[in-house]
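Okay, so chain A shows up in both of these, paired with chain B first and chain C after.
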Partner chain A sequence: MSTDPLDRPWRLWASVAILSVFVFSVLFGFVLLPIIQGRGAGLDAFESICRALGLRPGSPAAPQPASEAKAQPTTRVAWSAELMQALDRPSAIGAQLAAACTACHGKDGRSVDPKLYPDLAGQSAVALYKQLNDFKSGSRLSAVMAPLAQPLSEEQIVAVSAHFAAFPVRSLPPAQMPAPSEAIERLVARGDPTRAIAACNACHGEQSGGPPEAPRLTHQGAQYLSAQLRAFKSGERRNDIYSRMRNVAAVLSDSEIEGLAGFYSTTFTY
Partner chain B sequence: MAIGEEAIVRSELRWAAVSIGVVSLIMLALIYAGIVHHINPPSNIEPIDPKTLHLSGEFTEANLGTRVSAEGQVTSRIVATQFTFQPRCIVLPANQRVTLRFATPDVIHGILVTGTNVNTMIVPGYVSQVHTVFTRTGELLMPCHEYCGLGHSEMFATLRVVPASEFKPDAQGRVSCDAR
Partner chain C sequence: MTHARRLALAHFWIGFIAFAIALVLGVWQMWVRSPLPAPFLTASTYFSSVTAHGTAMAYVLTTFTVMGFGYYVAETALARALPAPRWAWTGFWLALAGTLMAVVTIFSGRAAVLFTFYPPLIASVFYYIGLVLVVAGSWIWCVLMIVAMGQWKGANPGRPVPLAMFATVANAVMWLWTTVGVTLELLFQVIPAALGLKAQIDVGLSRTLFSWTLHAVVYFWLIPSYIAFYTMVPQAAGGRLYSDTMGRLTFVLFLIYSLPVGLHHLLMDPHQSNAFKFLQVALTALVSVPTLLTVFTIGASLEIAGRLRGGRGLFGWIGALPWERPLVLATGLAFLMLAFGGFGGLVNMSYGMNAMVHNTSWVTAHFHLIFGGTVVIMYFAIAYTLWPSLTGRAAPSLAAQRLQLWLWFIGMLVMTLPWHYLGLLGQWRRVATFNYADPIIAAWGPWVIVSLVGGLILLVSGLLFVRNLLQFAIGRASHVPAEVYATAVHPPLRVPAALNGFRLWNVLVLVLMLLAYGYPLAQFFIIDPPGALVHRVDQRR
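Let's turn to the complex of A and B:
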């Protein structure tokens, strides 16, 4: 195939153009810009060029105190892949341990009195594990649960959490379901950007991709849910990592708390 | 239909000019941002374990917020987590060199402080550090600018920049929004 004579000068100039863009970028990115920006940070030209080229390391981090405050962590729980897998496997040990819980939380994890005791059936094992750990370490205060959680070992907590998580949730009669108000439904599904409240379902929804330890809320007793929300709001309950739940509850009004607790206690969805 | 060779070349040149123009404009915007706004890549790499971030050391909840060291260095430690900043309101002095240190226990977040060139990603496993001087006082919005999940659009914090005379650390060198 013969080349078209029109193509030849075009190719030459295109190559020249691309090459000059390349040369300009190298000069600008590795020489000119570092010198200009380095001046602001008090670096000489040679030092800034070496840093831009990666020949010298950047400014070392200012040394930081390991833990200058004798800070108490909100919880002792830390997640790992192994722990998550262990929580997926119900075992015989779990069933044995659960005998100590049935008086309040029911035989199948369905509470004998939802006004007083939360349902454990169908709750995420990860959430149960974290709460039991926090009762044990004292991060979450409960005069009833603390003495029950304290004797449990790490393995026993994993086993009993996996055990209760495996039961199906309580079934609710559809007749009980009043239509939720629009404002409550908006908080649940959309949140409130003006108050920086993320939608409850961004964290509590099924497979929401939020914090792993966020518990399932649906089918739980309204009294229990509103008591927890009030406790987060007042700071009485403070075992949520980095205030994820306290920051939300702090700006909820009392009527919103009642509405949200009612919504979750009666709804099948979410 | 026959189009002359010359007409094709002219049309190609016109379109080439358009695309070169677009690319040049973008390059100019980058150069402008680099020189005028001092936007540059981070200069230090500092790893930290995201799984135990909340347990011990620098990023424990009680350690977060603004703190003035004995040498007078102002440092604010902030955690970005789904879907909140902790603390949510941060006090900093104006016209003074301050250091912001960010970390996350979960997914990638990012911050920018409106009206300033403070802008960084916050990647699990690393501390993101920014040195800056705030020249304007007032409440500056600091939204998360890296999609981090369903609650991303409600994730923001406030930087309260106060004149040096109103910046009063307590006995431990801490300054928080509630204390004022």
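Let's turn to the complex of A and C:
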């Protein structure tokens, strides 16, 4: 259809115009700029062009900073897709290992004495895995749990976590649920911006987008919860990545800690 | 009423209803961010609300308005019946079903990922499927627009396609190119993750694919406004279009330079290299060409109108323009907002300055000004211009329309100028609440409240807009449809094939996309970086 001689120059000149702008930008951005920037950073032309193109790591405008710092990690847990999938699959090995735990955490993961031992039933497997791993590595200190966790291998930790996570939570009689105070409800649902406290449920809620290792709190014994919050507050417990819980607990008052522990020790869910 | 008119009305109404709801949410969000105590605030309501607001404004209002306007143009500018109206209705129902699916998912609290998705956050799959249906509906529209133009050319060999239709098809072609990026992201990364088929997601790849869509989608929203500038405004002002060729060039340049430029949205992202960022920023700068062409051509067209109406001297023609006509008024206000917004855009696309405003309120303020301001005020004006011919009735009150447009303009400036300033002070975006007990943040408080007042003015204006459209029901019947399209000073008798179709430009877009996005996308398959763990927001592990 476009045999008209009037159309040919269009095709030619439009292509020439557009491609020459392109070529100019490439010469400038891929060659000239990196060479000039690299000179200032003491890089040779080849290295800086490779860096500009992303073929080698680093910036073409700065020498790679050498880091000598040795970080002490908060935890030695590293998440991977395979690990997450394994935590979704309860196994027979898990059931065997669990025999060593029932004396305190109960046969079905429901603690024999919620005042002393946390429930494991219905807890997220990811959270259980992280805590066991931390007891083992010494990131979380506990005279009771450390010797129990240390002999466990990686696979055994996965198996026993998946095992307890699969049990349903303890059923609580509704009579045990006092109406929470408005201030506590606000902390749970909205946090307190004036103290930089994010809503607890932003991380602990049923549909929260929070960190994967954030444990489920509801149905847990109030004494255990308040003990943990106090431990975070004093810094005695320090295995939370980025100090997420230490930052929160540090600015909670003692009565708020009691109130929050009481709130979550019920069946309230959000 | 013809099919196209009924289609146009149906599309416009869905868009405007979504708009009105989203407006209420927007004001509430502003309120939440202010120091004043706001109701209904929880960690999740805020982000669900932002997701709903963004989805409704950016996907529903725009897509339905563009489609409705396109059907109207295809019938009136080409002066022939729409091809395959049944397909057009299929597209409408698909997009509507998708909208409802997405909205229900958001309001059930299962999709608080914000409208640009942000993997590895993963929402309920119904949210994404809803959006895919909206896009599928719009693809039907694209094909119908291309077919309508093709049929017209077949029936009118050698004649230039009317500019309004040429521009509409430019937008359709661009939209087909645009949606490829986000569709690949959704189909191959996000939806499999939402279905639980994938546990990891390569965030670098998904951000790069989304960037492919992210700049051009804005031009998809903007082009109806430009169509109005070129083809309707000169007529409304009582003049003529200064140059039809400039119009064609402008739309062609938008098609070319809105696509290979998306990396300018990733300037602070580590997974793309400096050189490719530079290349795409250089190509971005070329968007100034069609923008300046437009400012010049529309300025000249308005000057013709002003002088025909007796304006004298260097600037006298400006005062002589018929500012009492809503479309002319909206154009003036839109250009003012475009000037402010364009300046902000220059800041965003400059690497060094971008580093300062990145992730601050500056960016949110910028896109509200340019999209909510320039684009949406023209949507209002387009609706006011088309409604008499769509409903067969005259507007009962032009004064109410003018008031609405002024309120929108004032509200937008009152809201966005302090918001820009807050961004420069360092206020974060995507944050629900601030610690106003901190003395530095406390100083932001008054400006956030001013912004909130701007938002309230916008709410009043938006509701007045809906009322003004409803008021047509009581307007007197007008059976003489007014001519809406402008003629050019030199109406084209023959244009080169290059400016009468898109074959050449599609080839050039393909070449530029391969060069600008080829390696930036290919690197993810060559290097094969580790993925991020999928992070569901609709259920807990």
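Operating definition for what follows: the second predicted complex is superposed on the first by the 199 of 270 C-alpha atoms of A that agree within 3 Å, B and C clash if a C-alpha of one lies under 4 Å from a C-alpha of the other, contacts with A are read in each partner's own complex, and residues count from 1 in each chain.
Simple rule for what comes next: a contact is a pair of C-beta atoms (placed from the backbone, for glycine too) under 8 Å apart; a residue touches a chain by one contact, two chains touch by 3 or more.
These figures come from a predicted structure and were not determined experimentally.
A.B. asks: So, does A:Ser124 touch the first partner chain B, the second partner chain C, both, or neither?
C.D. replies: In the superposition, A:Ser124 touches chain C alone.
A.B. asks: Touch test for A:Val26: chain B only (first), chain C only (second), both, or neither?
C.D. replies: second
A.B. asks: Could you tell me if A:Trp79 is touching chain B, chain C, both of them or neither one (first, second, both, neither)?
C.D. replies: Both partners.
A.B. asks: Looking at the overlay, does A:Arg11 come into contact with chain B only (first), chain C only (second), both, or neither?
C.D. replies: Touch status of A:Arg11: second partner only.
A.B. asks: State whether A:Gly191 touches chain B only (first), chain C only (second), both chains, or neither.
C.D. replies: both
A.B. asks: Is A:Gly58 touching the first partner chain B, the second partner chain C, both, or neither of them?
C.D. replies: first
A.B. asks: Classify the contacts of A:Phe46 with the two partner chains as first (chain B alone), second (chain C alone), both, or neither.
C.D. replies: neither
A.B. asks: For A:Arg216 in the superposed arrangement: first (chain B), second (chain C), both or neither?
C.D. replies: It touches chain C, and chain B stays clear.
A.B. asks: Let me check the overlay on chain A: which residues of chain A are in contact with chain B and also with chain C?
C.D. replies: In chain A, residues 6, 28, 33, 51, 59-61, 79-80, 191, 193, 196, 198-199, 201-202, 205, 208-209 are touched by chain B and also by chain C.
A.B. asks: Considering only the defined contacts, which chain A positions touch chain B in the complex?
C.D. replies: Result: residues 6, 17, 28, 33, 36-37, 40, 51, 57-62, 64-69, 71-76, 78-80, 191-193, 196-199, 201-203, 205, 208-211, 241-244, 247-248 of chain A touch chain B.
A.B. asks: Which chain C residues qualify as touching chain A in the complex?
C.D. replies: 41-44, 47, 109-110, 112, 121, 199-200, 256, 272-276, 278-279, 282-283, 286, 433-437, 496-499, 503-505, 508, 511-512, 515, 519, 523, 531, 533-535, 537-541
A.B. asks: Could you list, by residue number, the parts of chain B that touch chain A in their complex?
C.D. replies: Those residues of chain B that touch chain A are 5, 9, 20, 31, 34-35, 38, 40, 42-46, 51-52, 54-58, 60-63, 67, 73, 75, 79, 81-84, 86, 88, 99, 101, 105-106, 127, 129, 149-151, 153-156, 172.
A.B. asks: Over in the complex, which chain A residues touch chain C? Could you list them?
C.D. replies: Counting only chain A, the residues touching chain C are 1-2, 4, 6-7, 10-11, 14-15, 18-19, 21-22, 24-26, 28-30, 33-34, 49, 51-55, 59-61, 79-81, 84-85, 87-88, 124-126, 189-191, 193-196, 198-199, 201-202, 205-209, 212, 216.
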